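In the two complexes below, chain A is the common chain; its partner is chain B in one and chain C in the other.
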Partner chain A sequence: MNNYLEVKNLSKSFDNFRLHDISFTLPKGYIMGLIGPNGSGKTTTIKLILNMLKRTEGEVKILGLDNIADEQAAKKSLGVVFDSNYFSDDWKVSQVEKSVSVFYENWNTQRFSELLDKFHISPAKKVKELSKGMQMKLMIACAFSYDAKLLILDEPTSGLDPVSRDELLHILSEYIEDGEHSVLFSTHITGDLERAADYITYISYGELFFSGGKDEFVDSFRIVKGGREELSDDLGKKAFGIRDFATGFEALIKTEDIKLFAHLNVEPATIDDIVVFTSKRGEQYE
Partner chain B sequence: MSNILKSVKLDFSLVRPYVKTICFTMVLPAVFAAINRSLLTGISFAMCFIAMTSGYTFSITEKNDMERLYSILPVRKSELVVGRYAFSIIMGLLALIFSLITHPVILSSLGETVSTFDIACAAAVGIFLFALYTVFQLPGYYKFGSIKGRVFMYIPVAGFLATLFLITKIPADNSGWLITVLSSPVLVLLAAVLVVIMYVISILVSVKIVQGKEL
Partner chain C sequence: MKLIISNISGIPIYEQIKQQVKSAIMSGELHADETLPSLRTLAKDLKISVLTVTRAYTELEEEGFVKNIQGRGCFVLSRGSELLKEQLVCKIENSLSEAINAARVAELSGEELHRLLDILMEEKTDE
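This part shows the complex of A and B:
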């Protein structure tokens, strides 16, 4: 099996929001970043994958297993980390293991102890005594202890200080090194993706904007800059967004359109640029 | 280990930090039984108290947002529900056994006569009352959560007060009908069947609620 996660035409309707026709594939051995502005549908997508929400349409396969029909089997190989701890605050770390390990036949106690040592987590500490970063690592230690093949993280880096974020990204990179594990993590901190992600799935306003390789994503766009007098209607039509300053402008365009604006300064776009400009849906703003 | 037993174990680990509090609540009914010199009221009180603690698992889950943990475990939702019912019943039985041992001892030390039949009657009433309370409480907690569904915590209190009221209405010399009822194997069997049916319906309702829930 080459794909650890397959999402096809996934849709979910709420009264005031609709996630529509989301499709993407995460191959074995890679990290995918799920990005988009707040409220774009990242968490909804993850909840649909985990069957925490009922989909309106579509299909989700986790390690080749349907996420609803084969939910139990699929979840045996799935690790999940949310943006906040999901264990009882009153549990000691050792109690976390006792409570969770029974659910996984391949739980490795020695591995759990090693991970606690590596992450500097004392088994005698209560969950509520751990910092947010430590709680995140505890959730990861649990997932690694039953050798979860696919790790899904929902906004894991939000609320973490730069050191903890760096450590977390390092842990994820190590995790996929053997080529047998994959990671899907949602974030709006695009700097994390520049460093760790191999693939990007970008959801904007409930719609899939892009899904594919990170380099392909970044290479697909360019930033053009120029004086205000160089801002033309043609550029307005082609640009995904224009930032208008007193002294000039900058706009995001498709790389294939560069030739049309060869007279302007062209620079590579960052993931941040792409998200910010495309989130404005081509509207001009200052 | 079956998934239901694993769920029971998980629920036990949730309330583990509160075991001392729960044990303490079992002392009060013993005192109550001593003051009233009545095994039946003591047992009724004990079952009321332990039924009230059935909301602990829901409160702890809600406080810690642990629905997310339950949703990622490789267990069916129905197994988690049955596990919680099993845990609640185990707690009820433990409380009943504790009370059936301690209350007669206390009452005997106070000079009251407690026969085996009295104990059997108290056990039957205790089981029935506990079942009656929890079959309504648990679906209520599943539907509304422990905070919005706090009103369900008071079902046992209402039930206990009603029981107390009924007991005082039975003249001491006219309790023959109760003895007749409780000494009739057919009626006791019917009550047992009723308890089982109530639990089955309650579990089915709870499973439906949980399966329909979105997080």
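This part shows the complex of A and C:
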């Protein structure tokens, strides 16, 4: 099986928000970043994958297994890390192992204690005594101890200092190094993804904006800059978002359109640029 | 082999890897039949995407410098350095014809052009 996660036409309707027709595929051995502004549906998507929310329509396959019909089997190979810790605060780390390990036949006690060592987590400490970064590593240690094949992280880097963020990215790239594990993680700190992610799925206001290779995503946009008098109607039509100010303007355009604006200053766009400019457009339409 | 990725050079990362592998082959630092660093390990070490390294290695293979063998690694081909030399000679030819064209416009004689080349080469050897 080559695809560890397949999401097809996933939809969920709430009273005031609708996640509509989301489809993407994460192959085995790669990291995918799930991006989008706050409130765009990232966490909803993850909760639907985990069957923590009931989907309105669509299909989710985890390592080829349906996430509802084969939920038990699918979750054996699935590790989850949330932005806040889901263990009881008063448990000691050793009690966390006791409580979690009973759910997994292939729990590896030795591996767990090696990981605690590696992450410098003391088994005698209580969960609430651990820093946010440590709590996250504890959740990862649990997932790795039953050899989860697919790791899903929801905003793992928010609230972490740069050192812990770097550590997390290192742990993740080590995890996929053997080509047998995959990672899906949602974030709005796109700098984390700029280098490490192989694929990007970008959800904007409940709609799928893009899903595919990260390089392809970044390459398909450019930032143009110029003086205000150079801001033509044509550019206005082609641009995904324009920021104009007293001394000039910046706009996001498709790379295929740069020929039309070659006389202007054209620069590569970052993931942040793309999210910021495309989301502004969304607001204008609302 | 040394690989340094710059974030501010503006050159895409896969291109930086390609250039540095090529110059390592050219300088003799990488010999024929030697393997390039494992794709996934390199991605981990440089903190870049696996797909970025894959693209660099695939393009190097397409250009005839290396051979990817599934499960065994990416090997430097013996004709890699010859190929590189050929490419460079081609580049020199292009630059020289450009110089000749410019010389024609400037009405420089062949002798003068030769002399100019000699002077420039002398300056380079002095450096």
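One rule holds in what follows: the second predicted complex is superposed on the first by the 281 of 286 C-alpha atoms of A that agree within 3 Å, B and C clash if a C-alpha of one lies under 4 Å from a C-alpha of the other, contacts with A are read in each partner's own complex, and residues count from 1 in each chain.
Just so it is clear, contacts are C-beta pairs under 8 Å (C-beta built on N, C-alpha and C of every residue); 3 or more make two chains touch, one makes a residue touch a chain.
Keep in mind the model is a prediction, meaning the values are calculated, not measured.
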Partner chain(s) touched by A:30 [first = chain B, second = chain C, both, neither]: second
First, second, both or neither for A:197, with chain B first and chain C second: second
Chain B versus chain C as contact partner of A:95, first or second or both or neither: first
Touching partner for A:78 - first (chain B), second (chain C), both, neither: first
Of chain B and chain C, the chain that contacts the larger number of chain A residues: B
Chain B versus chain C as contact partner of A:170, first or second or both or neither: second
Touched partner set for A:268, first chain B, second chain C, both or neither: second
Footprint overlap on chain A, where chain B in one structure and chain C in the other make contact: none
Contact footprint of chain C on chain A as seen in their complex: 29-31, 169-170, 173-174, 176-179, 195-199, 213-215, 268
Touching residues (chain side chain B, partner chain A) in the complex: 1, 3, 6, 9-10, 13-14, 16-17, 60, 63-66, 68-69, 71-76, 214-215
Sites on chain C touched by chain A in the complex: 10, 12-14, 40-41, 43-44, 47-52, 55
Contacting residues of chain A [partner chain B, same complex]: 47, 50-54, 71-73, 75-76, 78, 80, 82, 84-91, 95, 98-100, 102-104
